[in-house]
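Paired with chain B in one complex and with chain C in the other, chain A is shared by the two complexes that follow.
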Partner chain A sequence: MSSSVVPPNLTPEDFEVEYSEEASLPPEDPSLSPSVWIQKNLFSSPSSAVLTVVFSVIAVLTIRGLLAFILGEERQWDAIATNSRLMAAQGYPLDQFVRIWVAFGSLIGLAGFSAAIFRASGTISLKRIAIWVMNIGVAAGVIGLLAPLSSSGRMGWIIAALVVFGVGAAIWFGFGEERRRSTFIPSIWVLSGFALIGVISLWVVPYGHYFLGEDGRATVEEGTVAFSTQMPWTVMWAILVVSHLVGLAVRDRLPAQASKGFLGLLWVIAPFVANWIILRDPDFDYDHVFSTDIPMALAFIVIGGAVLWAQSSSTIGETGRLLAIAILLAAVYTWVSRIEFLDFLPNWSMLQKARLSMLFLGLYGLAASNFSRDNATRRAYVAGWVIFMVIFHWLVTAVNSPSTLNIQSDTYLGGFTLTLFIAWLTLLVSFPIGVVMALGRTSNLPIFRLLSTGYIEIIRGVPLITILFFFANILLFFLPEGMEIAKVAAVVIGYGLFSAAYLAENVRGGLQSIRRGQFEAADALGLTTSQRTAFIVLPQALRVSIPPLVGQAIATFKETALVAIIGLNDFLRIANNTIPAQTDFVGAKREGLLIVSAIYFVVAFSMSKYSQRLEKRLGLGTR
Partner chain B sequence: MKNTKLFRLLAVLFAVTMFAAACGSDDAADNADGDSTSSDSDAEGSDDSGSDDAGSDDAGSDDAGSDDESVDLTQGSVLDEVIARGTLNCGVSGAGVGFSTTNADGRMVGFDADFCRAVAAAVLGDAEAVNFVELTAAERFTAIQTGDADVLMRNTTWTQSRDTDVGMDFGPTTYFDGQQLMASAASGFSSSSTVADIDGAVVCTNAGTTTEKNISDAADAAGVSITLNTFEDFDIVTENFIAGACDIITTDGSALVGRKSVNEPNDWVIFPGQPISKEPLGPTYGQNDSAWADAVNWTVYATLIADEKGVNSGNVDDMLVNGDAEIIRLLGGEGELQTVMGLNADAFYQVIAQVGNYGEIFDASLPPLGVERAGANTQWTDGGLLYAPPAR
Partner chain C sequence: MTANMSASGMELGRADMIVSDGVDKWYGDFQALKGVTAQVAEREVVVVLGPSGSGKSTWIRCINRLEVHQGGTIAVDGVELTNDTRNIDKIRSDVGMVFQQFNLFPHLTVMDNITLAPRWVRKQPKAEAETKAMELLERVGIPEQAAKFPGQLSGGQQQRVAIARSLAMEPRIMLFDEPTSALDPEMISEVLEVMKDLARGGMTMMVVTHEMGFAREVADRIIFMESGEIVEVGTPEHFFTNPTEDRTKLFLSQIL
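Let's look at the complex of A and B:
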């Protein structure tokens, strides 16, 4: 949609600088021999020698204590192995578990494909790979030497460490200094390589099969993990690789901007589709769908489309905007009025759809004047509405259909799935609100400035947990009569509003870094305020804001753990409350908490690494 | 040019005003004959609500305008609501070792969870038609009052204030528990120790519960001084006990036995033989709802009578024909004891067939934790306190 509003003689590609990591790398220092390196970095003076020794001893003792804690005999790691499915997706029915894999596989496929289209995969030099592999070997060696293991276990770890270290050394010495520095491998292939090792290990390494036996007690079978674990992970790996290869093959033939826009749309609707269509498996009542839902969607598509077509006419002037405001007011009126004038609709789900559709129609119509250039642009604008309505009505109908799942608890989502879902939706909710609030706070209109500033300051002055309690327990009393909201949805809205206030401040920082000349140049070109904001100011501001925005995203992901307190079964709560209460694993709390921290760390660390790459790629901090 | 714009603006504003006004009068008109519309919406609305969380209070979602009907619904018995809804919302702890926990397959299991299933089997004929609502100790009574849960099977001690002031009613006790203490034999305690022997000891328990008050009262009564340390939950209490930070830990006897058996081998002893508090645990529901109370109570009694007469899930089909007169009446073979309660005639047959009798429910969950069926939790014929009124 947005591609159509760029001034016609420029294509978006004109603004993009082809990025090459090789070219942007600074020259490296020459490699030093180990003895010189050690002398230069660790023992350069008597005081640094003392510090090195003292802190090495402290580090060794800490690692030793940590390993003893993790690998000690009293740890019940079988609690985690038996409960891995519970931690991943809580009580999702076993006979329908394939839905979890389908959802996960779709996301992985989307990720692999997008990585190719967006050229998101960086490259990594052979030298760095060798260093990484050798580091893994060293880590394994440290575990082998310091952990409380049986002598055979210790030998196993040390042998494995030597083998891994040997592989790293082979990569290092197998190529000359020049080649290992100048040979670059896409990092996605390196990651897939490591993932492949993990997947193969599922088939050959006897991890053991942990499950609940017929009597309901935890049982272990010797041998490899269950086929129902091996096969899906293998398929997931294959999906990742294949989707990325397909993406690489087609990316030069696809129109770049359009395919990126389409993929962006997919990422936005993916959590909804994954949750409500794949995981929830709506049981559509097709009589109702054909008799009511589809006609209603068509009405909004046709009438709304006609209204939008009229609003985007170049001769309609201010009337179009006023019409949009009128629709918006009418929509808002249906929400706030105690007596609904849409009461003639036969049931609640239709009322909800009508209200929301009107609201969206008003909001969408506000932007009409930016699309009035020619008929092609207007068609694209109306087509955007049609696509949006189709997706919206389909999703809402799915949400309001009963689920076929037979689950004996409040929610069918739980565990890590719930954590990811909340984090993702929160980011989706908070981003547009945050940007709007940031624009409002820097607006010239005092009312916008006042409202945005008030919102941001109030939300930032309230602790997150208070907001979560409010939305989980008290929001229900403020809803219009006849409306109810699931706890998960309430939490996502509350958390999204909270996150938006912080995000707005980050974006505002970016907005204020845009120099006056940019505004003046845009004005001189005759752009309207919204065009200036959308095409000149925001792109630059958002680029500058990337580091704090990623920091905010990481914080959002980590703070989803707070939903455990209001009783949602995210995987922290499962580790902290559920597993320690099981008959077989009474009190086994530390194992779960260690695993949960490890997973949070891995995800947050990956996000932070990716943002570093993004910063480098966009040249932040260098210009 | 300016003038045209102004006129347009005014025209649109006028249109908006007219629109709003029209809407307002529409409402009034709609409301006048609103009865037929709203009953329509009720009929159709039953399957479109409860969108996200399966079965959380569907009642409120669909009747947009009809106040009368929703009042009717809350005035009726919870029994009717449950039957209309088709699932039982059963409040459980979710973290009560042996009583209600989620197992690795995501299924709620345990002594309390099975009694939820028993009530569902009796009322709905399907033991799996349960929606387990996990509740904290603080939320549980509110959940009953707001209708989020129909019944609590949640280690809730029957006390005078809860029965009266809090507005709960209590069913027959399913488990007689009592607070005890646990200490290491190495520090000089034995199973015959009493509260009088704990002078100067560091006693640990979980914060914010009656156990804290009970042990202080008991220590005062015995004239000993103790140091009381409290922790967030009993896992941490146990960790501190193992680490030696606590000389003695105290909570309900069933939990102590469970901890002791999990941490074998050890030299821990549980005392005193007669608990320092009475903790009768059983089903809890909102007060003044006899029909619902009867349904829940007689489900529990049915499991007790079946246990007393040796009827279990294995022989229930046989007993339906060949049992004594009371059993045949109870299982719905003859008479209409169940139908006058508003249940199906075979309600308690379903309970025994799908869930089991009291002994089976007990044995499925508690002996694996080391809690054996003894003392008060045996039938009155064996000297225990389990005594069901006769089914006739």
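Let's look at the complex of A and C:
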């Protein structure tokens, strides 16, 4: 036996493997001098020389045309500047805007903290930073040379280009070859550095602010476009940096697994909480709360708890499962039947609560046999139900109370915020459904296979826009009496169900890539089918599916643009319809569309970049 | 055939751990096992030999229900294998299996590979399972690899982890299906050493292998199969020096 000194009481942190993108540095290619490089790559033969020249000319003309388009005299960029708030959040009341900032700030804080805990930030070598900065300088120089500018404007661009390039060169030459390649800066600091430059510019650069007056006319204001946002953006920046620093400081003191799980949970509920902060401020009717809401919640807590306690007893056997199924069927019956056996309940909100609670009780009860180990486990199981019921009843009561925020249902939200909400919620809805469908399609039980395959094939045979129309307009007529649903919610459900079918196919690809030996090893160890799926099969399948899943997330994000067609005001619709219809900016469509494309591109591109990092980190393709 | 069953459990004075009685198995129209009848006694080490395609793997995999047999009966420690999932669970928790291709879980560390089943099937507390896992890794000689992922280990090390993973469930029987066939020659002995150690410790073992040295040294009995049938059963001495069946002699002449 080897004389190892590994202590027996290892914790998972001890098994964490530090991933680094560039663990050891390979020797650098002997660098060619620029002239040699050009000769070797661009002018190696007469034909390649011709091609190089032709394509250079085409490139120069294209860039020039694009710059002329962007910087042309006739462009009305003030249409965007004036409407930036509209594009961000549509008609959200001005005096309540702080809610959006609070929601956004919480997300940023969560992001900064999570980046530290998950060690999600990559590193960038000084060498690459220097190259980046120099490239930015070159880009500015190209703009300065090619754009249709006044001569003073051109001078300004060129000077700026030289300064930026100089900074890059200073980083390059300020550090020796060795230090340049072996000094790594966390990319989150580099990004915050760039963000800081942006934030500072809000304070010092007069972007030109246009204020839309009462009479609907735009007045040019002194100051900057960020007049009202320079402070909030500064705070946002500070939140990002501080939360990341706090995360770095505490991450070694927190139990890694538990804190990651907790943060993951926070990310799942984050869109709902953000939605909540932005849209709701419930005005509880306390008489009603005490006379009906609380008694009802207590009834479900006590009776449901007792039922679950019985179901999780180790001696109940198959009876417990049958009981759960009976409750489930009863709950479903209250949804589909027009004859209500819950008719005695005073109002619709109570009925809704009773139905949903029964549904949850049935579902929760199905899992009871997994918790029959000992009384402590059973208590934890029932406690889970109690906590869930408290949150659920509070939530439904709050949703059903009028909100002090007087915002109308469908138009309250719009612009980029709406795009983000729909994309995020759709992904959240589609992920579990898609995974379940994929498992169903590969299941041994014919009925599951049939149902999942049918679902997937039907959905994949129908265009998304049809499904969106259906859910936005027709679904309402199929709902049980008294039930309403906002258009946004209908869209998210429809889009989520659509997306789930495609997600299922991606996950199925991953499932099929798992070798039979993995199943056999799990079986031989005595794992149950659900344990095998949860611990062995799904983790591996999802890892393999990351590239297609991210591709799909990007597609989902981009295709939210379709909601414009069914009358939701996402930021594409605002750019395409709303802004060009304003008296001051008649026909100013191109500016908005260009900005919208740029934003779509930036978000999609960052997602794709992040997935590449994730793949590398999880060691895909190197296994 | 029965005449050759020299040392069944009754004669050794120990209980039979595995009883395979007239086991038949078809793949479609092809009969892979034809009435396979044999017993393995407690603490006995049985080596199964036979040419490729003779049904060795099929038989040993029937014993922990990775394959379903269609005729005859299999009983492990008195529990008969039927479609009753409780019996299957009971038997799987008593029987460990080591595969030719190791089949470690590539997304889990060595430590997690070993502790997963004890924690979720045996419901052991994490700390206890990890202490136990470290002991097992000591026993198979690679405690320093606990934090690594399977992909970072050599084949021999992976197979030793696979053995430790099976042992963590505290099985009473270990099945080995060609545990060294996928290994480079220089790693075979490190795995065989671990297996010999197990045998000396009194584990009941059924081993499919082509390692004749191991069979000669460790086996209590050798079962020779061909075309889905048991052809000859005997002690290593009988088997290697004085086989009675012609097919056995032919097989030995080809491999020795």
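One rule holds for everything that comes next: the second predicted complex is superposed on the first by the 539 of 623 C-alpha atoms of A that agree within 3 Å, B and C clash if a C-alpha of one lies under 4 Å from a C-alpha of the other, contacts with A are read in each partner's own complex, and residues count from 1 in each chain.
Here is the rule we use: contacts are C-beta pairs under 8 Å (C-beta built on N, C-alpha and C of every residue); 3 or more make two chains touch, one makes a residue touch a chain.
Only a predicted model underlies this, so the values are computations on that prediction, with no experimental measurement involved.
Chemist: In the overlay, work out which of chain B or chain C sits against more residues of chain A.
Modeler: Touching more residues of chain A than the other partner does is B.
Chemist: Which partner does A:Arg543 contact after superposing on A: first (chain B), second (chain C), both, neither?
Modeler: second
Chemist: Based on the superposed arrangement, let me know which partner A:Ser151 touches: chain B (first), chain C (second), both, or neither?
Modeler: Neither chain B nor chain C is touched by A:Ser151.
Chemist: Examine A:Asn444 and indicate which partner it touches, taking first as chain B and second as chain C; both and neither are also allowed.
Modeler: neither
Chemist: Between chain B and chain C, whom does A:Asn83 touch in the aligned arrangement: first, second, both, or neither?
Modeler: first
Chemist: Show which residues of chain A lie in contact with chain C when the two form their complex.
Modeler: Chain A residues touching chain C: 1-2, 4, 6, 8-10, 14-15, 17, 373, 515, 517-518, 520-528, 531, 535-536, 539-540, 543, 619, 623.
Chemist: Please output the residues of chain C touching chain A within their complex, sorted ascending.
Modeler: 64-66, 89, 92-93, 95-97, 99, 101, 103-107, 109, 111-112, 116-117, 120-121, 123, 127, 130-131, 134-135, 138, 141-144, 146-147, 149, 151, 162, 165-166, 169
Chemist: Within the complex, which stretch of chain B touches chain A?
Modeler: Interface residues on the chain B side: 5, 8-9, 12-13, 15-16, 19-20, 23-24, 26-28, 30-31, 34, 37, 40-41, 44-45, 47-57, 60-65, 94-98, 101-109, 128, 130-134, 136, 139, 235, 238-239, 258-259, 262-263, 364-365, 368-369.
Chemist: Taking the touch rule as given, give the residues of chain A at its contact with chain B in the complex, in rising order.
Modeler: Residue list for chain A touching chain B: 82-83, 85-86, 89-94, 211-212, 216-218, 285, 317-319, 322-323, 325-326, 329-330, 333, 337, 339-341, 343-344, 346-349, 351, 399-403, 405-412, 414, 481-489, 567, 569, 574, 577-578, 580-583, 586-587, 589.
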